[in-house]
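Okay, so subunit A shows up in both of these, paired with subunit B first and subunit C after.
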Partner chain A sequence: MSTSGAAPRSPAFGLLFYALGILVVAGFAVGWLPEVSSAHGHGIDRVIRYLLLTTGTLFLVGCLVLGRFILTYGRGAPQEGAVLSERTQLLWAIVPVLLMCAISEVGVLVMALPVFGEVYGEPAEDAFEVEVVGKQFEWLVRYPGPDGVLGEVDHDKVHDSRNPLGLVKSDPAARDDIVLRGQLHLPVGRMSIVSLRSLDVIHSFTVPLFRTKQDTLPGYTAFTQFTPEKEGTFELACAELCGLGHYRMQGTVTVQSEEELAQWLSEQEPWL
Partner chain B sequence: MAVAQEHAPQTFISKYVFSTDHKVIGLQYILTALFMGIVGSALAVLIRAQITWPEKALVTPENYISLVTMHGTIMVFFVVSLALVSGFGNFLIPLMLGARDMAYPFLNMLSYWTVVPACLLVLASFLVEGGAAAAGWTAYPPLSALPEAVPGSGLGQTLWLLAMALFIASFTMGGLNYIATILNCRARGMTLMRMPLTVWTYFMSAILGVLSFPPLTAAAIMLLLDRHGGTSFFLPEGLVFGNETLPHQGGTPLLFQHLFWFLGHPEVYVLVLPGIGITFDLLATFARRPIFGYRTSVWSLVVVGFLSMIVWGHHMYVTGMNPYVGEYFSIATVLITAPFAVLGLNLVASLWRSRIRMEVPMYWALGTIAVIGLGGFGGLFLATSISDIYFHESFFVVGHFHLMIGVVTVLSALGGTYYWFPKMFGRKMSVGLAKLHFWTTYLPVVAVFALMHFQGLSGLLRRYYDHTIYEFQEAGIGLALPITILVFVVTGSQLVFIYNFFVSMRRGEVASANPWNGTTLEWTAPSPAPHGNWPGALPVVDRHPYDYDPAAPAEADFKPQGTVA
Partner chain C sequence: MRPTRLAALSLSLLLVSACGGGESGPAGPSAAVAASNSSDSGDGGAGPQAPSTPTAAPRPWDPTAGIAKVSGQVSFAGDTPRRRKVDMGSDAECSGLHAEKPLDESAVVGAGGGLANVFVWVRKGLDAWVFTPPTEAVVINQQGCVYIPHVLGAQVGQPVEVRNADPITHNVHGYSKKNTGFNQTQAPGSNAITREFKRSEVFVTLKCDIHGWMNTYLGVVEHPFFTVTDEDGSFDLGTLPPGDYQIAARHEVFGLQKQDITIGADGAAQTLEFGFTEED
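Presenting the complex of A and B:
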């Protein structure tokens, strides 16, 4: 038996891909990105917009061509000359190779590399330093206090309520350290460099409106640097599954002027 | 004469249970995957319900992360791997190559019966104290190493690790069998460059699987030792739980991530390449013309396979790995778009000057092409390390990987089921139900994962029990309800498929040996194919796999790849 009856034809199927291409690209074109509020964040948004523009165009073109082919060749007319020479087929492959290498490596090397320098390069000389420590399920913030030095900590001295970071009393540098739960205060317009640790599992320090994200690994000290641009409060969240309370590992970042920050810091009591 | 039939198994047990016939084993895998798929889908529905209505607290927070963990584990390893790679691979490779069976039929049986206890262990882990594993499908220590860290890291995580070890053993046996069969059991005249692209993709998939799974086995054993043997491979000094410092020292959690992703990334291609191969084969049959760029497709598959082994670090840009190393991974990862775009071009161009027959399997093939595009381009946002800072652990990632390893794979497996069903059971599936299934699956599923990309752009983070306590997640969570409704539609739609599958098996329209006028060798065997695949001599191959001519009269527009003497 061979196939009975006329072959099923539905060239209108091609319209599906016209609609799909247009709707998806239109959907991505809606301004989903929230307003950015850090210096390097603009660079990240530029990279994202560059990729949206280039890949969106290619996806739309691909869908339109796919739809067009189905409309044209779905009618069942015999087609001559379907097979091109091996050489021509090979030459055609060069088009997507060059196109994608150009688009993707321009993204990584031209658009993203300067931002890489801002995010991972040498921090500014006058960067504001603070420590943030992740633990299940909160963020502990430590300022060095008047001496400007973070004191010694010892994990054996950690006690959730009495000494959450395990500050060592015998170290004078530790005696003026300020420890806060879930509240991070930073200066506006000046680079902050946050050193990140974890007491238990992996967490990830993220302030989405700053476009910043860095895991806190137990056993390591990681760093993340950024320059807040606007005063106000911003949400700090955890971006690495850290246990049943992952979703409520919330903190606030208050960005204020240098004067307000200095005033606020002077009002904080040392932990010990 | 008819040697193969003389060896055909006679008893029910040897024919359907402990069978060494690749077709029976293939179907065993597919049915096992179908069952596990129902479990995995049920978990997905629960996850969606919790995300959408957090105020109802349908599950507890610890159960929620178990759901997320087990949904990922089950779907990746026990549904997509089993159905598409092990199931269709077993069924198709010998038939498409003109072989009687796999190179090692007993090993094949062993590999299936090794994965069955793995499935049972996974299912059993829901019943133990503390619940199923809850450290994510990636099982990052310390979370996965310490029962103190999360309730699921008790016995549930141990069962998870044992199940993975069994799965890997099974998958490695399967992969070795694929490689041996493809290299040694091809019919006369079936050169490597005459193999159907489906077989090429299984070849690459098997090579990648065999090369990349062993490090995960090592990681699983090290993690088991950290959990139960007092070692500290992944655990550094100074871990504090409940005011107590643990005695571990000297390990690093990053080591596990490297070992995991050294497998994890190639695994993506292990899954997605066969989906692309099947799409090519369906496309050729229903476009009635040869695949555009067969050779460039083969070489692209080889290049994709190679590159996939050296880019695992793109999952780790913000983990604390040296960012300069991340930059290398970024540069290398985005190169994959080049061979992938060649595959995309060849898929689309295979419709140029074609004469499309819009049968049901073609719906899925065409639909898959657009998803490969959408999922593939989304990958660039994550591969570029700088934009990944924003997208890492967001719903953008969830949308992206679901499109690639969930939708491309499942759509092509469904298309493949409609296409090869006559070869499996000698009958066709109902066309009306199949169309209903397509439209109620395709449109919602693409919408679901496109919307998740938008959620990710707006900043929505994944694996959250409740997003509503954050202001920045408001915009994203606004899309949760439409997504959930669409998920319910897709899930319900699969019931239509399951009904069609089992009813058509017994009552479908009887199919001929070659109901679609296909060219590849499986269509020269009877439907359903008997033990040994060809009753008489094996076919002899004399041409490339897609010899269709859209200029010829409609009923004589194809030449089978081989002839049976």
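Presenting the complex of A and C:
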């Protein structure tokens, strides 16, 4: 088969690769992540930035090499190149794979394991405990009341307006529980541990500025924990498509001082 | 016709007849509806699937046939349930509509111990009659992010109109076990949603998917012998012809109660007492 036909001259195409690589890496390098407001969130952001930096660098190198090849070999007749030995070819195949594994897997594990420990490890003894329950299409928040214990619930007793979580009246621990729709109040600078349930389908508890996300499953209690760093109000959303009203499944996280939180809690009526 | 085709046709006809030959329940929305017995499922009473053993074909309801008044009282025993203010904290727009939040309607006990929002109806005993549903719609309004009324009734085939008087979008989600459910968003100022229910069912529940506290309970029955109690707990079902009946009272939280009565030829009035209490 003849290979004498002239290949198209393509300096613009090669330059495009240079521009693409530089623009993408530069675009991700600027501070596009939203503000972080939890202690472990900084670690999450570090992992994200590390991944962007390493994969971005590799992407950039790839683009530069490709661009260089196009500029050098993409014009005129095909050129005879030296045939590499099998050993060299193997080296060029295996070394980058090992390098990528070291960068992506080992690097991420080393950076992320401490963060994982913060989110799923042993909670602090003085952690603020609260329950958040997902239901199409709202978040119900339960505070334990003065006794500090969340009371028993029974799914058969759930009634949308009268008893949305099915609190069991005969359980003394349930009688002081406070239930609110979509209003999660947390103390600043103190670990909060959130137990998560669902009354119907799979939802996902997420507070983007806390860098926290945890699925809630019917019939199962999941936990997540974090330490809010800044006072203010934050969005609580559902990150799992749970039905037609998913987009409306929102709540508000209010982070406040211990004194303000205690005052606010004292103003709330127990549900039962 | 070849024997195989004849056999296939026969089999088809057999299958059609075995499947009931179509809906055995109440007829379409505009048609008159015959009451019938039902399984003891606790909702609706006279249902479409229950095979009654009529001795005579049902005849159109004759208002002059009713001779005995059936009335009574629904009471609540025990501590009066506390009425919470409706928690609208998850929606600032709804909260903003109220200077003072409305009270929850799910358990309302009057000063005299009467239980409100109980749907009382003739659950069995009107098999012999055919009732024509009214053409006038029953209206449910969404106002201030609550449904008004909280409990109501309609006849099978009667239009039920859901309006939105709020400057807020609602989502009317009808939950039903015997009728066709529906789920429709209703923007402010949009047309009313009109539905007709083809089968008796107590309750069809209407909820708002956007505002989790919003719900209303609709009792659908074939006949006009139903009512909803107010805070004094009294009810009056009107006058019934001689015969055996089952009168039922259903509350959204406290459940279902039934009583059998017999109306004699003397037309003596029947007075019933229903008593509900709260479980732990």
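The rule we apply is simple: the second predicted complex is superposed on the first by the 256 of 272 C-alpha atoms of A that agree within 3 Å, B and C clash if a C-alpha of one lies under 4 Å from a C-alpha of the other, contacts with A are read in each partner's own complex, and residues count from 1 in each chain.
The working rule: contacts are C-beta pairs under 8 Å (C-beta built on N, C-alpha and C of every residue); 3 or more make two chains touch, one makes a residue touch a chain.
These numbers come from a predicted model, not from an experiment.
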Record, for the superposition on subunit A, whether partners subunit B and subunit C clash or fit. fit
With both complexes overlaid on chain A, does A:K135 touch subunit B (first), subunit C (second), both or neither? both
Give one of first, second, both or neither to describe whether A:R181 is in contact with subunit B, with subunit C, with both, or with none. second
If you stack the two complexes on chain A, which partner ends up touching A:S85: first (subunit B), second (subunit C), both, or neither? neither
On the A-aligned overlay, A:P34 touches which partner chain: subunit B = first, subunit C = second, or both, or neither? first
First, second, both or neither for A:G245, with subunit B first and subunit C second: both
Is A:E269 touching anything from subunit B or subunit C once the two structures are fitted on A? First, second, both or neither. second
Across subunit A, the partner (subunit B or subunit C) reaching more residues is B
Subunit B versus subunit C as contact partner of A:K169, first or second or both or neither: second
Is A:H159 in contact with subunit B, with subunit C, with both, or with neither (first, second, both, neither)? both
CA minimum distance (subunit B, subunit C), superposed complexes, angstrom: 6
Which subunit A residues are contacted by subunit C in one complex and by subunit B in the other? 135-136, 159-160, 243-245, 248, 250
Contact footprint of subunit C on subunit A as seen in their complex: 135-140, 159-162, 164, 168-170, 179-183, 243-245, 248, 250-252, 269, 271
Residue numbers of subunit B touching subunit A in their complex, please. 60-62, 64-65, 68, 134-136, 140, 142-143, 146, 149-151, 235-243, 245, 251-254, 287, 289-290, 292-296, 300, 318-320, 323-324, 327, 330-331, 334-335, 337-342, 344-346, 348-349, 351-359, 363, 366, 369-370, 373-374, 377-378, 380-381, 383-387, 389-390, 392-394, 446, 450-451, 453-454, 457-459, 461, 463-467, 469-472, 475, 512, 514-517, 549-552, 554-555
In the complex, go through subunit A and note every residue touching subunit B. 1-3, 7-11, 13, 17, 20-21, 24, 27-28, 30, 32-34, 43-44, 47-48, 51, 55-56, 58-59, 62-63, 65-66, 69-70, 73-74, 76-84, 86, 89-90, 92-93, 95-97, 99-101, 103-105, 107-109, 111-112, 115-116, 119-120, 135-136, 155-156, 158-160, 166, 199-202, 204, 206, 208-209, 211-215, 217-220, 222, 235, 237, 239-248, 250
Under the stated contact criterion, what part of subunit C meets subunit A in this complex? 84, 86-91, 104-107, 171, 183, 207, 209-210, 212-213, 215, 252-253, 278, 280
